[in-house]
Every structure is written in C-alpha cells, then in structure tokens.
Amino acid sequence: MENRICVYPGSFDPVTHGHLDIIGRVSRLFPEIRVAVLDNPDKEKVFTVDERMAMLKKACAHLPNIKIDSYSGLLVDYMRSIDAGFVVRGLRSASDFEAEFQMAQMNSQLSETMESLFLMTSPQYAYISSGIVRQIASFGGDISAFVPACILQEVNKRFRSK
Amino acid sequence: MENRICVYPGSFDPVTHGHLDIIGRVSRLFPEIRVAVLDNPDKEKVFTVDERMAMLKKACAHLPNIKIDSYSGLLVDYMRSIDAGFVVRGLRSASDFEAEFQMAQMNSQLSETMESLFLMTSPQYAYISSGIVRQIASFGGDISAFVPACILQEVNKRFRSK
Amino acid sequence: MENRICVYPGSFDPVTHGHLDIIGRVSRLFPEIRVAVLDNPDKEKVFTVDERMAMLKKACAHLPNIKIDSYSGLLVDYMRSIDAGFVVRGLRSASDFEAEFQMAQMNSQLSETMESLFLMTSPQYAYISSGIVRQIASFGGDISAFVPACILQEVNKRFRSK
Amino acid sequence: MENRICVYPGSFDPVTHGHLDIIGRVSRLFPEIRVAVLDNPDKEKVFTVDERMAMLKKACAHLPNIKIDSYSGLLVDYMRSIDAGFVVRGLRSASDFEAEFQMAQMNSQLSETMESLFLMTSPQYAYISSGIVRQIASFGGDISAFVPACILQEVNKRFRSK
Amino acid sequence: MENRICVYPGSFDPVTHGHLDIIGRVSRLFPEIRVAVLDNPDKEKVFTVDERMAMLKKACAHLPNIKIDSYSGLLVDYMRSIDAGFVVRGLRSASDFEAEFQMAQMNSQLSETMESLFLMTSPQYAYISSGIVRQIASFGGDISAFVPACILQEVNKRFRSK
Amino acid sequence: MENRICVYPGSFDPVTHGHLDIIGRVSRLFPEIRVAVLDNPDKEKVFTVDERMAMLKKACAHLPNIKIDSYSGLLVDYMRSIDAGFVVRGLRSASDFEAEFQMAQMNSQLSETMESLFLMTSPQYAYISSGIVRQIASFGGDISAFVPACILQEVNKRFRSK
C-alpha cells in the first residue's frame, strides 16, 4: 500500500457535529488523519486559526490517529509537503456534489498522485454548516444541537461579547 | 485498523472504462477489493453473471489485489458473509449523488459497521454507462472508446448475433 | 376560509415512516385530511388497494382527522368529487422537487382552484421509500426501522410467502 | 386546530410578482398571514425596512388577512413572539429547494412546534428575483413585468437618482 | 459556413406545445430543420411513426423550412446520412440537463463533426411532456392546453377508443 | 434568415480553455461572433477590460469571424445596439443550468427577438472556471492546463507581482 496519510481540509469556523461525523468515520480507514485548517487571510473569520485548531483538538481528543494542523496556499502543495496521498470531504447535498466535483477534478489535474474520497454526511447532520451555527449564535440562539459540548461555551462567549 | 476488504458492487453489463477508472483508483487504497456482480434474476441482462465475471477478470488482470465475485440478495448480507467493512461507488453527476445518498443511508441503517466511500469518476468517463454502451453496440456503433480492448470483440459479437 | 379538505395522495405500497411523518404534521393544519390510495390497474403492486387502505387505517388510528380513501383516474377529478381544495406532498430531495414541480404545474393548469402544498420530509426519514422497503423485505432484511410496528408482521409475511 | 398565524419572511427589496403570487395563494389557507421583512443591519439594502413595508402594504392592500411586519434576529424567536405556528416559502428551482431544506431542518431543530410549508412559484414568475429587478432597474431597463404597478414609479425613481 | 441542416430528434408521442416552442425558435437559426421521429421498435408507443409524422406535419405547416422525417438506429448515423451538422434539444429542468449532457458527450465522441445545441423551453411550457399528455388524455382529462389544436381531436379519439 | 450576429458575453478574467472551447465551436454556426467583455464597475477584477480584451484577441487570433468587444449595462441593450439576434452560453453543470435558465427567461422577457443558445462544455474543460484559475495562480500553482499558452506568461506575471 502507498502513503496512507489522509487530509481532511476545511475552515472549521467553528467545528460542528457534521465535521465530527466525517472525522470519526474516516479515522477507521487510515492510520493517520490530518484535519487541516485553511489559513486564508482574504476571508474574515470569527475564530483565529489557532482558536479553530484548539477547538478541533478538544473535539477530537478521543480519536488517537487524528492530528490537527493548518495550511495556507494550495491544498496540493500542502499534501505534497506532508507526503499525504488522500483527501476526504463530506457530501451533504447535490449542490455540495457539484462544488466538490469541480475541486476534485482541479486537484487531480494539479497532482496525479492525489486521490479525493467522499463520505455522505449522516442525515441527522446533513443540514448543519458552520455558517448556520454562526448565524444562530450571533442572535443568541441555542447551538447545542450543532456543535460538540466541549466547545459550546467558547463559541457562545465569542458571539455574546460581540 | 479494521477489516480492510472493500466491495465494489454493480451490474457490469458490460464493464466500461468508467468502472475500470474507479477500480484502478480504489485498488491503491485497500489491500483487497472485491468487484461483486449483482445476480438479480428479476432484471434481464445481456450477459450472464458468469460472462460478466469473466470480462471483469480479463479487464482487471493487471491489478493483483482485485478479486471478482458475485452476490445476490442484500449488499449488507454479502458484505457480512465476507467480513468486508467498506463499499465504494463512483459518482458521475448530481443525480447519481441523490440515488447513492439514499442507498448509503439505507445501508448504514441496515449495518452500523458498513462504511460507504465515493470517488468522482474522471471527467473523460463521466458520461459513460453500461446502458449507453449496450445502446450503441445494438445499432452497430463503435464502442471502442467506452469498453476495454480485451472485451471489445466479445461485446460486439453478442450484439451482432442478436 | 374556503373548503378545508386536504388530500395526501400516493401509492403507499406499503406506508412508511416517511409517509407518517408528513401525515402527522399536515394533520395539524387542516380540519380533514384524506389519505388517498391511487388505484392504478396498469402498475402491479405488492398489496391490493384494500390491503394498503387497511394498513393506513391501522397506522393513522391515533389521528382523529385522517380519513383513508382511494381514487382512480386524475387527481383533480377526485378532488373535485370530494370538494377538496388542497393537496399535500412530501419533498425528500432535489429530484423529488423537479418531479413534484412538474405535477403541481400540470394540476394547477387542470384546476385553477386546486392548491399544492409541500412539506420537507424530516431528515431521518428522507432516504426512505416504499420501493426500498419492498427491496429489503424481499431479501429477508430487517425493515423495522422503515415501517410502523403495527404493519410490520403483515409486510414481512407477504414477502416471505412469495 | 392550533394557532393559525402563518409568517412569510423575506427581504422584499423590493417586492416582486413572484412574492405576490405566493402571498395571494397562501392567503386562502390561513386566517392571518404576516409578511415579515427581515431587518438585517449586516446586509446593505436598496430600500429601508420602512420603505419595503410601505411597498408591501400597497401591493397587498386588496388582501384583507395580510399584515405587514418586520423582524430582526432569528425567525423562530419572532414567530414565538407573535405565537405563529407556520412559515411559508416559495420554491422556484432545485437550488432553492436545497437552501430551503437546510433552513427548514434548522428551524425544526430550534423550535419543535414550528412547521414550514412550501408552495411552488407559478412558472411565469419562477425566474423573477428581487436581485434581478435591482440589476435591470439599475441599468434603466423596463421592470414593469416583474413588480406590481403600484410600486413601479417608486422603484424606478430610486435607481434613477443613484 | 458549414452544412446548415439541423436535426430535432424525439419520440413526439404526441407532439406538444413544448416541442413546437423549440421548433419555432430554432427555425429562425437554420435554413433547414429536420424534425426526426425516432422509430424504436423496442418501446411501445401510442401512435405509430407514420401517425406521429402526420401530426407533426399538421402542427408545423406554417413553418416553411421544417421537414418531418423519421430514423432508426443511432442519431449520429442518421445525421451522417443526410449530411446534417447540428442537433437541437430543449432543456426544461436540471434533470433534463444531466440526461442531455450525457447524450451530447456520447454523440460528440461518436462523431467529431456533430454539434449539439440547446434551447431553454419557455417557462409556460417547461412542465409539459408527452408522457403527461398521454396520462391526462387516458383519463379523459382536458389536454387542450398542452397540444396544438389541429391534433387535439385525433389524440383524444385514440385514448377514448382504448 | 435573420440577423446572424451571435454574442458570447462574459467576464473573461481571464479567458480559459473552457471559454475557447465554446468560442471555437460556436464560430462554425454564425458568420460573426462577438465575444463581449462585461464592463461592470461594481465588481473588482484582476485584469482591466482592455487587458481582458487583448488576451481574448490573442487567444482567438486563429478564428477569422470572432470580434472582441466590451459592453456595460444590460445585455439586451448591447445586443440591440449591434443588431445581434443571438446569445450563446456554455453549460458545465446542473447548477450552471439553473442560473442560465433564469437569465435566459429574463432576457426573453426584456427582448422578444433575442434568442439564447447553449452548448455543453466539453468534459475535459467542464471543471474549469476563471475563479479557479485565479485561485491557483495566486498561490503560484501551475495554470498551464487551464489557460491558452499565449496568455500564460501575462497571467502568471500579474499574480506574482501582487
């Protein structure tokens, strides 16, 4: 078998139960999963890269083969730098499919050895997104059904102080 | 790591370059891939299960970790019988996504330990289906762009003798 | 307010938790719901119209404003005959949307006074269909997660005797 | 029957024939419809909340059971505050469906007693959006086919003075 | 300019206002349009090829550059036989798109010189299909909104005599 | 035949192999194609209108019936000003379809004599967009598979100097 590091890239602003569903399931498939926070200075985020990584570490503490990392620039360059052969993404809907199809074809053009895998998000999480969590939290709504308990206080605090 | 047999189920009536794209790519991910021909007596096929398995064996001869098999009944029961933990399917389009989403959720309900993985079909094969191959071949059209060379003669012969 | 009978039409071969999700929710909106089994002699069914109506009656016994009925021919003609002004349908996916959009526009052309309403199926039921239930049951699989307990034995018996 | 106030929320910047199609049809179903203008200070609008409410009042003057209102924050909180049990939205396309499916599931998670209803926009209005009206008006194009006659002058005036 | 014959292929069982919308619009683009009825002996039709051609001739009598024809086998072979360089198809919905995308790519693989063009069906006809016309007519419903007046009697007669 | 100028409008920031696929194919259908760069002062672009036109001229130099132009305001007004009867657009995916369907219906409402044509982008280019090219180039990735060779240096230079 070839290089068996798999990357799960994303913004994770903040991590949700939907992300954790994918992480938990893909962790059974590879010896090492790198959850990689995209550090994109052009897009304003609620949480810093360090904060997002710290929340992911808490939420994934029970999974021994998960490492939390960050990257900037092209995903294919990051993957080459850590010698990772696989990337995994969750699919929630037909419109997710179209966006991910485009990304997968582009990445496959940029790196012949990179393989993109997809898992279908479990139905009870298929409507959750970080954007929806931020929207609800910003109006003081209850987000406990959407994010892991260990980060709930931190997320609420950030939005209440705004 | 857990049980690492991955099943690639389908009708393969006949196998196409689209199927082989998925098989070749997933073969890098698991120590053993079972390509499993569905034996469904309710649906009339052009080729028998044995013929479809023989064509797959020819087309996959260069891949050492691919085994060709057949099954009838529910996929989850077949997977339990060979102790396989993963199933892989190709996604070609948003409508493929919706059908596969439904199947994956149903299978996940029927077997908690079964995980469904998806690969995006490479763009040059994304419009190919066994149905289109049968349609073209039945009118004497040229299918050499759609099926592997090693089975071309056999497929053409079947349709010309009809 | 106008005529407040709402029709929920379908094949119900057999009724599933997905159907009951829609029935229970729409029963809060109208004084009378008619669940109407389509009697289509051109399509072979596993259960007769009478059997499907009997299963629906059992499954809806706790909802006082639900009546079980059957119809043949055009939905708009049936609705005129019982003086119903509304029809309700569940939406599970984008492909459901497209088929229902076409039906709703056609019905609106055939009857100006008929209004079509849609509910989104709850996510835990969005992958369930009668066809999937029949497929699983026909191979002896466990359908208890998909159909109401009160009809489980009857459905299993039918498929096992086949 | 339960509480029968139904909310039709949106930006209405400005109201179009597409919105009025939904309002007119849903007004036959509930004793009271609240058309609720979302007051979102984060998104810049062409018309103020007061202007949008005034245009809606003009356009809905012929419908006695329509009240025009505004809200900020979460829709579920607004609905609780007026004791409304139902929300209605129009569906124009499969991509509308996916966005609304996500919203409906989220709202259903935030409030168990809130029910989301959907109507298919009539085909002659299915391509109209407030965004398209603003785009055409900003270039001096003719928007009379897209907005009600009673607000036409006001919309044109705003864009011409820009 | 190259060969300017354009083919509009289909089953036309029977021709609808949706088909005539496409025919009328594409007739402005090419000196000669061939409306080509697919003669597929494997699929049972309500009207014979000759009957479908006769109805098309009546419905297109006002358009001088339309010729009615039939073909069997592969579309690319028919197009070569009449030296046609273009094929036109109507798109009504996202699911139409996916099926037509697959066909266009396949035809482009089979014939490098064949070009596929698409028109969006006008919204008032976007929900009409020959299948819906047959379904309504078979139950004695009013199809006058869906098919041209000149063939209405013939279609109704066929279904009433069944 | 009527006026036979066809417009291919877009942002072309920068032109890609996907655009050139459409331009090359539609050039066989009309005596004159106007590739028209949208000059939209509200949206920030990487290249100026003049730069985008110059790149298009280089990339289309081998096609004698292609003229490069620019326009601002409504497409229908531009088309009237040059007496063009047709507009062409490429379709890459089901979500492209929905956006283009809306635009085509709106344009058809604004100008009865304007006809919108669509070509399916060839599969090997269907995942390419100017946005993806900009994203890759901005991180120093290799864009030679996505843009024509004659503009490669200019695009890379712009992003490297940023």
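As written, the chain order gives the labels A, B, C, D, E and F, with residue 1 at the start of each chain.
To be clear about the criterion, contacts are C-beta pairs under 8 Å (C-beta built on N, C-alpha and C of every residue); 3 or more make two chains touch, one makes a residue touch a chain.
Values in this document were obtained by computation on a predicted structure and should not be read as measured data.
Undergrad: So which chains count as neighbours of both chain A and chain E?
TA: Common neighbours, chain A/chain E: B, C, D, F.
Undergrad: Using the contact definition given at the top, which chains are in touch with both chain B and chain D?
TA: Expected: A, C, E, F.
Undergrad: Could you label the chain A-chain C interface same or different, taking same to mean over half of its residue numbers are used by both chains?
TA: The interface is built from the same residue numbers on each side, given that over half of them are used by both copies.
Undergrad: Between C-D and B-C, which chain pair shares more contacting C-beta pairs?
TA: Of the two interfaces, C-D and B-C, more C-beta pairs touch across C-D.
Undergrad: How big is the gap, in whole Å, between where the Cα atoms of chain D centre and where those of chain F centre?
TA: Here the centre of chain F sits 34 Å away from the centre of chain D.
Undergrad: Go ahead and note the Å separation of the Cα centroids belonging to chain A and chain B.
TA: 30
Undergrad: Could you check chain C for residues that touch two or more other chains and list them?
TA: Those would be 93-95, 98, 101, 105, 123, 126-127.
Undergrad: Each pair of chains that touch: what are they?
TA: Every touching chain pair, ordered by label, is A-B, A-C, A-D, A-F, B-C, B-E, B-F, C-D, C-E, D-E, D-F, E-F.
Undergrad: Over in the complex, which chain A residues touch chain D? Could you list them?
TA: Residues 93-95, 126-129, 132, 136, 139-142, 145-146.
Undergrad: Which chain D residues qualify as touching chain C in the complex?
TA: Those in contact with chain C are residues 1-2, 25, 28-29, 31, 85-86, 91, 94-95, 97-98, 100-101, 104-105, 108, 115-120, 122-123.
Undergrad: Chain A touches which residues of chain D in the complex?
TA: Against chain A, the touching part of chain D is residues 73-74, 76-77, 94-95, 98, 101-102, 105-106, 109-110.
Undergrad: Quick one: in the complex, what on chain D touches chain E?
TA: 93-94, 123-124, 126-127
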